[in-house]
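Naming follows writing order (A, B, C and D), and every chain is counted from residue 1.
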């Protein structure tokens, strides 16, 4: 499967009064990492791939994180993202965030490929395009 | 077990270009909900209970969310929070976020009671005080 | 002028490693406060007033804050919001955030009433509807 | 004066239902930009320079932003940061955020060099160290 790797600096404003990251920030990092993976697979940025494939996005139905080592402001971490499974209209994403080469956080998402208008509740799962599956599956 | 219920307005700034909530915001809501539950159990705000029980906080080792119904700006939602299990030095929290009485999001956290300095990596799990267990366990 | 007052709890996740609020959070509070003021003036929530008045929103061209007293998690603060001036297609908003009755933060915004599609860059300032001006001007 | 330049990708999660950035995010970007400038001037990351100069940080007393051109997810923007004035215990910072070489946002901060404990309200302005002034003033 295609893997996308990116570096993120943990900032002062990402951290809580204990001096470690406020964990919801990890989910924001991971959301951007999923978009970055798909952008890389499809060769275009998200606002272009939403148009090119004429869909409304890939909202989550499940998110799960394991926190192993705390990170704090000034840490430069690496996030490796890959799709681990693709079903008809949903797919699984895994993020591995490392700090000094040690696994610090592991994130898992189940996302659905949808059309329609999420805000109005009128959205429906549609098949992930074959083209997208192929591009995400490349080594 | 003690249950704490609070209302949250989903704001414009919580929402993404689809007009629905950017899901990391749920984790921020749930973190505040866990603090609110403990504050209610102990009868003091977090900065006071950190001092009173002389500990560094209750960081997460696991967070899990299921997203069932999207929410959008202007929605007033209700979050019901309770501890579902208490072990020696960790505990499980469950959040049920409802919109118009329908379950929209369900969140689960595993938290550890720690002493020390999380930012320096020198923190250790310590037993949840008996007093805290009793107060969280009340109906 | 109409004044809207609301209470906000400063949360753990709003605060930085110094234990005081990470100041960008004030701007998020103030954005929600401006919407709350207009919602109160017009008697409907934002997603309804955007439709009823057929416009794209009230983006900022200027934001300014003075920080007088730090706030920290557990603080319950009060935000008083009012429009201080209305021009043809723009208006000035002032927020006064108090803690224990002392002014802690003062925020000022210049907002424009726009139609079109902000994301595509095709938006234009249009006159604030007379009805809206009247309702915001009531004592 | 020393200028620090960094690139930021505007992410999906930074944007609001209009598809443009939710403006409080700019202040988070600018806070990180100020730290990056000082880190570059002093040759160490923030958590190290807080220790090396034995101070509590550089909180804001004033923040001001002018928003000229909206940015949206997928935009890669550049932030140029410099100190424009240094007084005894405070200094002025200016951020210029450009998109395709056009000025999109301009930010101004007044920050104070403080010692003590901001969260307890016991902090006091102290002189900016001469060494820091010199390093920030280099071309």
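What we mean here is this: a residue touches a chain if its C-beta (ideal position, glycine included) is under 8 Å from a C-beta of that chain, and two chains touch if they have at least 3 such contacts.
Small disclaimer: the values here were computed from a predicted structure and weren't measured.
> Please indicate which chain is farthest from subunit D, where distance is taken between mean Cα coordinates of the chains.
When every chain centre is compared against subunit D, the largest gap points to B.
> Name whichever of B-C and A-B has more C-beta pairs touching across its two chains.
A-B
> Find the geometric centre of each of subunit A and subunit B from their Cα atoms only, then give the gap between the two centres in Å, rounded to an integer.
23
> Using the average of all C-alpha atoms in each chain as its centre, how far is it in Å between subunit B and subunit C?
The answer is 28 Å.
> Multi-chain contacts in subunit C: which residues touch at least two other chains?
12-13, 17-19, 22, 24, 28, 31, 72-73, 119 - these are the residues of subunit C that touch more than one other chain.
> What does subunit D use to touch subunit B in their complex?
Checking each residue of subunit D against subunit B gives 12-13, 15-19, 22, 24, 72-73.
> Hey, which residues of subunit B end up touching subunit A in the complex?
18-20, 22-25, 27-28, 31, 56-57, 59-70, 72, 117-119, 121, 123
> Going by the contact rule set out above, which residues of subunit D touch subunit A in the complex?
9, 11-13, 17, 19, 28, 31-32, 35, 45-48, 72-74, 119
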